[in-house]
Each structure stands twice: as C-alpha cells, then as structure tokens.
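Worksheet for the structure shown next.
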C-alpha cells in the first residue's frame, strides 16, 4: 500500500524561531530553533519532563509558546490554522480513541475531522487501512476490547487517512510488539519518501533508512 | 499613535515606572475629592424632606453601585484586549479589578440593605436593583473563584478574560429579566433615585463622591497590579536593576 | 461541514446510548428534586399549584448542572478533544453538535417528563401547555451556556463547585422568563412576551456560546 | 457642641448612616492596606531570590 502512493503535493517547510515555553515560572525550554524540510525527520530527545510533549503540542498549535512562533512555509501557524491543520496528523500521549466506539466508528470520526481524502462510506478503503494496521476483522469490536498496542495502531491510523504532509508523533512505538514497530517504521519511511515531514519523540531508536534525521536534545538546551 | 502608547504601556517596566509616578498624584486627588464630597454630603446638603438624614447613605451607596458596573465594563474591555492582543498589562488589570469590583458590589448591597431598613421597614426587599446587584456579586465571585482555581496564572487570566466577556453580554439580559420579574410581582417599587429634580446641593457631593470612587479604584488596581507584576517578573532584568538601584 | 456536525452528534448519541445506566441519572435526579418539594413544603394543593412552575424549572436547572460535565470531560481525558482542536473542521461547529447532543440526552427527557410532573403538582392545563413550550425553548439554553462553563473548568481537578458558581447566575434569565410565562398562562394572562424573550435567548446562546466555549477549550487544553 | 451632637445624631438615623460610612471606611481601608502589606512581603521575597541567584552564579 505504501509503495503505490504518489508524492505529497503540499509539502512545505516547518520552521521554529526562538521558541520558549515557561512552566511554573521557569523556562521549560528556551531558544529552540530548527528548520525542517520535506523528506526530513526531527527526532526529539530528552529526559522525562524536559518538555518534549509540550514542544510537540506547541508545534500542533495546541499550546501557545511564551516566546517565538512556529511557521509553516514561513507563515505563522496561528494565521493559517485551517490550512495547517489540514496538513497535520498528530498522535499524542492520550490516543484520542473513544473506548465505547467500535474500531470503524472511531475511524469514521477521525476521517471526517481530518477531511479525509477518502469517502467515509468507502468500505474498501476502510478495509485496506484496517488490514494495514493489523486490525482486520475487528471492525465492529469496541475499542475498549482492544489491547494497548492495537489501540495505539488504531490511533496511528489517523496519519493514513489524509494526505497530511506533517506527522507529529509522541512516542509512537510504546506498547507495540516487534511487528507493530516494524509497521510504524515502514509507514514513516514511506511517508518520508513521499516528501513528508515528521517530528517524533521516542525513547527507542527509530530504524529508518536513507533519511535525514536531525536530533534535538531538549535536556541539553535547558 | 494611540496604539503605540498602548503597546508602550503594555511593557511591564514602563508600566511599573509610570504607575509609581502616578500613584502619589492619584492619592492626593482622591483624598481631596473624598474630603470635599463627604463635607458636602454630610454637612452642606440639606436633609431630604421625605427621608430625613437617612438619605445621606446615598453618597456611599449610589457611587458603589455605579462602580460595580463600571469595573465590570473595564474588566470586559481589558479582557478583550488580553485575548486579542495578548497584552500582559491588560491581563493584570483585569484580574486585579475583580477584588475591588466585588468590594464595591458588596458595599452597594449592604448599604442598600441598611438604607432599606428605615425606608421599607425590612432589611431586604426583592427589589430589582438589589437583586441585580446580588447577581452581579455572584458574577464577580465566580471570576475570583475561577482565577484562584487555575494554577497556571497566565491560563487563568485567559479563562477569566473569556468569562468576563461572557458576563458582559449577560449583564444587560440579567438586568432586564430581573427588572421585568420585579415589576410583575410587586408593582412599581419605591424608586429611590428617580426624584423629578434633585437639589444641586445634594447632587454635587454625589458627583464628587463618584469621582473619588473612581480614583480609589484606580489606586487599588495600580497597587495590586504593581505587586502582581513584580512577582510575575521577579526573574527579569528590570526587576533586578530596580532592586539594585534601591541599594538595599 | 454538515457531515462533521452530524458525525459528532451521532458519536455523542451513540456514546450516551452505550452508557444506558448513566443516561437515566439526570432525569431521575430531576424527578427526585421535584418530589422533594411537596415533602418539604406540605401537600397543600393551592400552594403546590402556585409554585409548580418554579419547582420544575429549578429542578431542570439543577439536573442540567449535574450533567454538564459530560459535555467535555471524557473527551478531555482520552485526548479526543485535542484531535478536535487540531482537526480541519471549525471547532465552534463541533461544539454546537456537542451542545445539541447534550440537550437531546439530558434536556429532552426533562421536556417530556416535566409536564407530567406538573400534572401531579396540580398545574392547570394552560399552565402545562406553556410549561412544555418553555422547557422546549429553555433547556437548550441551559446546555449552551453550560458548555462555556464546562469548557472553562474542564481542566481543573475540582471544577464542580466553581462550575456551578459560574453557570447558575447566567441561568437566571431563563429561569425568570420561563417560570413567569407559566405563571402567566396559569393565571390566564398572555404569554407572548416571555416566550419571545426565551426564543431570543435560545437564538443568542446557540449562536454565541460555541465561540466562547471554543476559546475556553483552547485555553483549558493548552 | 449642640450642633455637633445634632450632626452625629443624623436626625435619628445615626445607626444606619454611620454604619454605612463605617463599613465603607473599613472595606476601602482594607483594599488599600492589604496590597501595601503584600508589597512589603513581596519585596523581601524577591530580594532573597535575587541574592540566592547571585550566590549561585558566583
């Protein structure tokens, strides 16, 4: 499935200038600068509490930085939140899965919210996606009955629903078995090869080949 | 030009310095206004021909009632500024107005009730003005409660700004509904201030007191805002230089 | 956009139906509060008839207040709210859907049961008819105004008391216009004015509160 | 003296009038004094913070 997809048409630069966030009256991080081009991965590192999740949320526009700003193709994301969110897929710490909805219902909500390129009623696509994330034959299972790893993969499926050029992933590999990890690494690889951008936090090393991967260690910056 | 002034005012060190220079003048003016207003109201103004000397409560009650609304308007206005332009000073003025606003509202309520006792014979009448004032007090208390419930003070300021704006849309509606409710139930109530013509000797002290209250409000807000600002910016350079200049 | 509105509405209704036990609670609470009044005041028919509109409306306010939390609380906890905020759909529209879903779940039962309880309190036929209309117009306002209150307090550990302090004063106009309309109807007076005011409140709150709630949620989530 | 007593008596409404004015004095006084007191404490705390940071940087 990954091989056949065409390159992204709307890949742009994600840049960050002088970003600083204050928490409880002290700087969580200061002076964060980077410039992420298409086909690049930014791997955020740092100890627990160094502000990785906060930085990701700032990149999503969920948290507003105390200083500095985030730019999508040199325009502040605050000024183009609609266009930016159309290009963004975010898998956060809490996975945004409703336990009391079935797998398909969860996917449908996600599709509508992200203005998916696929039709909600297109059973074939839904089947393909489920097969990809290893949840075939689980369409009508409540998310409550899924294992932690399966739920994580379901959350990750949001990245595949839309032609979003920017993936922001918070610890995408936790709770996954070897097969799951391999799948997500493949998906990221394909995403990057199509000209996508990704910002990832992960305690485990990511096994992605032939990709320019910048590392940013927040503990070092603090 | 005005925008530039607002932005300049929005810078904490500038605001701190300016307010420090303004405070003595404000205090002096406030004191003079209070002295004149009180003398005029308690001594010069003649007793009311119906209410006797009890009408002198007007000089405490009415300006407090005016201020209770005025302060809320200021809060809503600075709330809008804080949300739209993210001006720190607007946030600070908004939050530090809440307590003194609640104090004015409380004062208006209690003095209204004290005044009601000789006039109506009971401490509390479900009169439209008093009831609206009571609800306004709850709006103020809600703002204070919300602000103190949120730990992150910048977040709390934004929450309070939104709440103040929601409140300001609601105040006229609440006021109108209460007015309507009270006329339905009690017929026309004893309206205290709708005299056909109030004696100028009575009116002038009232206006003086109203101005004195406004200055008092400004003083209290500035005092509180300066404290707030100092604490928020305690790690900044300008606070450090301020304290080293004092040499203590 | 309509699709987004409908899918959130559908989603919230499905979630409510899957928690059938909880679904009944606000309505039971409503009935219970109404039943308490004759027990506390005495079963004298003239008094009960006189205060029936007030009792039913106060009970409706309290049961709305009790159930408000569910508009956003669970969505906040499982991360669904983040996904809505960064979705490519207007947040205020999604909130409007959630307000309406909340009304269908908690308000509509009250609209249907309220007139029945009024019958037991001895309200006249004209009064009951007007009560039904005021409930129909007024209860959505409760959900709408409440959504702003919840949006402001949803991130707090103990937001319950603060929520009621914020919301109840804002409910006063609804209470006044609605119970006065029923009073007037029971006494044989025209009710056009308060009913018109209630309709105006309904339109105003449905058009303005989603914006305020959306701004408040952005604050709460950050 | 008599005029003064008459003034204090407020035409028989002394209790009402003076309790209103007294309450106003009390709440306004508190509104001014509390921030001033707070300021003194704040200054102490900030001095301590600044001193601490100086000693750390040395």
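So that you can tell them apart, the chains are marked A, B, C and D in the order they are listed, and the count of residues begins at 1 in each.
Methods note: contacts are C-beta pairs under 8 Å (C-beta built on N, C-alpha and C of every residue); 3 or more make two chains touch, one makes a residue touch a chain.
Computed from a predicted structure; not experimentally measured.
Undergrad: Chain with the smallest distance from its CA centroid to the overall CA centroid?
TA: Located nearest the centre of all protein C-alpha atoms is chain C.
Undergrad: As a test of understanding: of all chains, whose mean C-alpha position lies farthest from that of chain B?
TA: A
Undergrad: If you average the CA atoms of chain B and of chain D, how many Å lie between those two points?
TA: For chain B versus chain D, the centre distance works out to 17 Å.
Undergrad: Measuring from the mean C-alpha position of chain C to the mean C-alpha position of chain D, what distance in angstrom results?
TA: So the centre of chain C lies 44 Å away from the centre of chain D.
Undergrad: Would you kindly tell me how far, in whole Å, the mean C-alpha position of chain D lies from that of chain A?
TA: For chain A versus chain D, the centre distance works out to 55 Å.
Undergrad: At what distance in angstrom does the C-alpha mean of chain C lie from that of chain A?
TA: Whole-Å distance between the two chain centres: 37.
Undergrad: Quick one: which residues in chain B touch 2 or more of the other chains?
TA: In chain B, residues 235 touch at least two other chains, as defined above.
Undergrad: Could you list, by residue number, the parts of chain C that touch chain B in their complex?
TA: Contacts found on chain C: 148, 152-153, 155-156, 158-159, 161-162, 165-166, 168-170, 172-173, 176-177, 180, 197, 201, 208, 212, 215-216, 219-220, 222.
Undergrad: Within their complex, state which residues of chain B touch chain D.
TA: Touch list, chain B to chain D: 42-43, 47, 52-54, 56-57, 60-61, 64, 99-100, 103, 106-107, 110-111, 114-115, 117-118, 216, 219-220, 223-224, 226-227, 230-231, 234-235, 239-240, 243, 248.
Undergrad: Could you pull out which chain C residues touch chain A in their complex?
TA: Touching chain A: residues 3-4, 7-8, 11, 14-15, 18-19, 77-80, 82-89, 218, 221-222 of chain C.
Undergrad: Could you pull out which chain B residues touch chain C in their complex?
TA: So the residues of chain B touching chain C come out as 83, 135, 138-139, 141-142, 145-146, 149-150, 155, 158-159, 162-163, 165-167, 169-170, 173-174, 176-178, 180-181, 184.
Undergrad: Which residues of chain A touch chain C in their complex?
TA: Those in contact with chain C are residues 57, 60-64, 82, 85-86, 88, 90, 92-101, 105, 108-110, 112-115, 120, 158.
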